[in-house]
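Each structure below appears as structure tokens.
Consider the two complexes below, in which subunit A is the common component and subunit B and subunit C are the respective partners.
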Partner chain A sequence: MHNIKQKIKQNKTLDFIFSGKILFLLPAFALISIFVIYPLILAVGYSFTDYYLLKPNDISFVGFDNYMEIAYDKYAKKAFFNSAKYVIYIVPLQVILSLFLATLIAKKSKTNTLFRTAFFSPYILSIIVVSLLWKNILDPNSGIVNEFLASLGFAKQEFFSDPNLALPTISFIILWQGISFQMLILMAALQDIPSSLYEAASMEGANAWQKFKHITLPSIKGQVVFVLIVVTTGTFKIIIEPLVITNGGPQGSTSSILLYMFEQGTRYRQIGYASAITVIFAIILIMIAFVQRKLVKEEEG
Partner chain B sequence: MKNIISFLVIPLIFLVLAACSNSSNNASENSDAEEDVKELEVWVHVPADEPEGENYDVRAKEFEEAHENVDVTVEHIVKTGGGSGYNDRVNAAITTRELPDIIALESVYAASYTDSDILLPLNEYLDQATLDSYLDTIISAGSVGDNIYALQSFDLSSPVYYNVDLFEEAGIKVPADENGNWTLDLAWSYEEFLENARKLKDHMGQEPVHMFTENNGWHMYAHSPIIFSNDARMVGENGLDTEGYLDSNNTMEALQFIDSLFRDGIVASTTREDAFALEEAAISFEGPWMVDVFQNEYPDLNWSIMPYPYGKDGHQSAPHGSWYIAATQNTEYPELSAELVAHLTNKDSAIKMEEATGLIPGHKELLDSSETYSDYPRKLMLDQLVNTNHLKPKSPIFPVLEDALGDIMEGIALDNGSLESLINDAKEKVDREADRFK
Partner chain C sequence: MKGITVIRLLKYIVLIAFAILFLFPTVWMLVSSTKTVVEISEEIGSMQSFIPNFSNIQNWLIPYQEMFSRFNFSIHFFNSVYYTFIIVFGSLFVNSLAGYALAVFDVPFKKFITGALIILIIFPFQSVFIQIFIIINQWNLTNTVWGLALPHIGSAFYIYLFMVFFQRIPKELRESAYIDGASNWKIFTKIVVPISRPIFMTIGILVFVGAWNDYVWPLMVFTEESKYPLSVAVNIMNETKPAYLNQVMAGLTVTTIPILLIFILGQKYITPQNSSSGIK
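Up next is the complex of A and B:
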């Protein structure tokens, strides 16, 4: 029986290949090859060289030197650590709050349409615009938040100049903008849950929390996992907000690993070293996604 | 199967047609070409509708008219923050070996570009009289070793602004020569600066001196002269060694002076935008472009210009530097390219740029006739440019040095560690990068 199934599967694959349908995948494959696979192979290759941007004709193989250097580079370590901090600050809050908001506005009504539009509007703004907007709002001298604090008799806060405040403040901005997209995904999932399940639970005397725990959460688990993976990898890839708002400062307190890699590659022109950081970064992201999926699958099993 | 054939054949037909069309075009172009036209390409960082961009277009046209069979194309690649948009394009062209004949570059990057054999030594193609016309400052900024690689028709020097009214109210007597001008030789030493700043603080009840404290290139441009004026350097002659320079006693003394500005409440630890314009600061280290802003937007502000404070006699230093023009080794016509660099930065350019933007003319001959810089206080900016030291390091790792100095200055402003530890961190950062070049 197993052999028959396998043969049917093989025949289907061969049919797919010879029917010509596979050719329709070629454009997508070509694009992925040019913009993802080829750069990835190049990055891995360059990571074993001393490629300096201004000397493209003078590239030498240096083995694992770049990787060894990362191990001793305290600025790289700080950037990795900062990226982890961003993840810790943003991921749990973004997932929980987006689920909370989605639950609030999942029911179809005119008021909810208004709220959905309001909640989603930050997402359609450019990240640079949002960054500059918050930079002005939180400006220590003339920002409205500090003016408000001062009017209440509180001391003005150096949101972006204080090394202890800068990273949490940027995390808040990222959270504020990103939450709406995750909310939309979870809201769509919530709307797909059959209302009969809730009706049956009500008849059985289940309270709101029990309904959420035993109906809502299991029904949208797949989407929650998707959101979790997307938010985690997305948060690790933060670069624009710290670049625009603080340029990684003060004292490197908001620099992310991607920002550090960008700085090494473009400003210091060390393509080889930046490539090594990229490779390590890619491995970390793949591992995180793999572990998250594995954990969820185990739980499902 | 039919699907596969049509999928493959149709694009093939298009490719063949395109190839035929190209080859026929090329054939006709070749047959039409009567003479060999020398094409020169210039990349500049400013848009065509700004005075500088417009000036390059005008000079390029003049150059075409003066030379038969020469075609000059000026491409305006607008720089974004930190020059990145333009610099990214140049970096990409270096990687793909497609640099144009002439590029604009920040003068401080000349050393790293020459270290990578990207720039053409202009002195090998231009006569001495042409080169002698430029200000020594410009020749010095555009030179690496014995060769001159980049030129410009103008330059600028950042002043220190002071509020005349607040000085008077605080009882500070402004040093003046027989004509009543605060000239370069009457600059305040570190001690005098501190003493008077304390008087201002007592009078104003807040930080009397404004400095931008964010960690960016401004520290190297505007604040490094304060350090260098104490006979201090960041690196040695090779642009790489920090030992005995970044950690020297002179550097430490200069940084102690800056540290005391912050610790004594003379400078605020975070930037207060418009503090000087709003009379919340009596002294300000801001760019020369603020002259127009103060004049036009704050007509009641009674401002003037004072010389940069200095550490040790004979080592006075002041900011200068801008984007320069250089020819690349990629050019097929080195002599013509060098000539075009000289033309793009000639005296007419200097006159036009002074008229349009108030920049200091970069040719000696024009200094005496300069209307903008004939009288004090503006003349002080010209004096600074011509008569002070400009010791920004000429180093292939300049971006790292800029960041290292920024780290120190930001660390001082935020009181984030001792001076020794800040210097050691900066030294470590620079040394790590310098090792790649040794």
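Up next is the complex of A and C:
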């Protein structure tokens, strides 16, 4: 008896199982296997089939047909293209504006605390609240912005039904909410820069721009890279705002990858087709992760 | 000297302009939720629409009462609270245990498991919700709280955050208890958890906000309206004709209040350092 116990203790795997330590890991392991790993495998598998949700017993293998179809699907292409547009409209502006505002209010003072609270306030609203709030504010008939424009003598704007205006408008709404948190991260980084660096630069006669370029930027490069990555992945995951505000319209001009996948999977029940979109989306996420790794490695030198 | 004053003035003009831009929608939401529909539409476009009507403070809550009775709002509010608490406690329980095991125990294939976790962080819930829906559907878990909550509980990212935190706890704290004959479970619950409050609070707040704000997944899992959380109910409110703007704004305000409370109560745990520490 004693001998067996000794043997179990010596074997790492057996000890892990029989000492009960495995119970610490098991619940999470089960949940992640079922709800993360298994769905990823399903997505790859389904993407080569014509799985239709209402006919689960009538699935046949179709090879790369779903992927070919995406290449010819006007609305799918639009959705991918729109996601790229969202990234182009949102990411640079969000990083630059949050850095700009962070620099203006980084110094600790009472007035700056007030401004910080004001700038941070959109963050406590949920995405659904932000979407519905702005949907009403920018309403073409009764929204305050259009009434305000009209009182100044400008024409009313169809913010959400004009195909050229809808995507920039939604980008603005996302930007409006997104700046707050990124600003906070950059502000904390700015406050960590020792003030002696700036004093030394002043003695050497450096102007404000030179100080920003040679002291501020290099000191917070890590956090800027972090913000850049977070905002980029976040922007690719856009779904609630276009779903709630425009339902992807007009004419698919605001749809995103995830929204299109959601529509194909739920409204049209084309699980095979939606899964092919999932796989492409997963590949995009992997590519972003690779870029992130490279940037972080460079940062660490 | 004069140049500096002009720059300072300019800086404050820019700051005030941005403050107005960030604040005016929320202020309008709050103020409109206390007015009558007629007042709102008469004042729209003027400064008056941002100023509450102080002459009839006793009527401010009428839109709230109307909204609660018209939309069964309390049911949806209770649903949201119920779902959120299950997800928060489930997530803290499951992920902290796993993070502790990986930080402290001699787990076989540890390198492989932690490596796999870091790779899985790349794939968020949203990327596979169609396939998760198929699983939930096959298990007949649609329209149940478990269908909503289970997929949200296990998280590679939070396991990783817990693991990093637990690795920093000095070994000696655990070892002396181990020699005294305490079990692993006892050491975890009696020694490790009490001194790890910050990480539990931080992750708890993150999960709370995520669960409270979740919109697309509840829309997929629930077909019975009585089970909708606030996020879904508030959208239905906005789309139900006739939509009374004051009631809609009251609904949005009520949806926001719990998040505001969480942020005020957990202020010191939500720091940028906490949320960016897991990335490196």
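Just so we're on the same page, the second predicted complex is superposed on the first by the 253 of 301 C-alpha atoms of A that agree within 3 Å, B and C clash if a C-alpha of one lies under 4 Å from a C-alpha of the other, contacts with A are read in each partner's own complex, and residues count from 1 in each chain.
What we mean here is this: contacts are C-beta pairs under 8 Å (C-beta built on N, C-alpha and C of every residue); 3 or more make two chains touch, one makes a residue touch a chain.
Small disclaimer: the values here were computed from a predicted structure and weren't measured.
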State whether A:42 touches subunit B only (first), subunit C only (second), both chains, or neither. second
According to the stated criteria, A:113 is in contact with first (subunit B), second (subunit C), both, or neither; which is it? neither
Of subunit B and subunit C, which one touches more residues of subunit A? C
Return first, second, both or neither, reflecting whether A:142 touches subunit B, subunit C, both chains, or no partner chain. both
Partner chain(s) touched by A:122 [first = subunit B, second = subunit C, both, neither]: second
Just checking: does A:54 make contact with subunit B only, subunit C only, both, or neither of them? Give me first, second, both or neither. first
For A:207, decide between first (touching subunit B), second (touching subunit C), both and neither. neither
Examine A:266 and indicate which partner it touches, taking first as subunit B and second as subunit C; both and neither are also allowed. both
Shared subunit A surface residues [contacts with subunit B and with subunit C]: 19-20, 23, 53, 142, 266
Parts of subunit A lying in touch with subunit C, wherever the complex brings them together: 12-13, 15-16, 19-21, 23-25, 27-32, 34-40, 42-43, 46, 53, 101, 104-105, 115, 118-119, 121-122, 124-129, 132-137, 142, 144, 147-148, 150-151, 176, 179-180, 184-185, 187-189, 223, 226, 229, 237, 239-240, 243-244, 258, 261-262, 265-266, 271, 274-275, 278, 281-282, 285-286, 289, 296
Looking at the complex, which residues from subunit A come into contact with subunit B? 19-20, 23, 50, 52-56, 69, 73, 75, 139-142, 158, 161, 163, 247, 249-251, 266-270
The subunit C residues in contact with subunit A across the complex are 11, 14-15, 18-19, 21-23, 25-26, 28-29, 41, 44-46, 49, 93-95, 97-98, 100-102, 105-108, 120, 122-124, 126-135, 150-151, 153-156, 159, 184-185, 188, 209, 212-213, 215-216, 220, 231, 234-235, 238, 245, 248-249, 252, 255-256, 259-260, 263, 271-273, 275-276, 279-280
For subunit B, which residues are in contact with subunit A within the complex? 1, 3-4, 7, 84, 87-88, 91, 94-95, 97, 112-113, 115-116, 118, 213-216, 269-270, 272-273, 397, 399-400, 403, 407, 410-411, 414, 416, 429, 432-433, 436
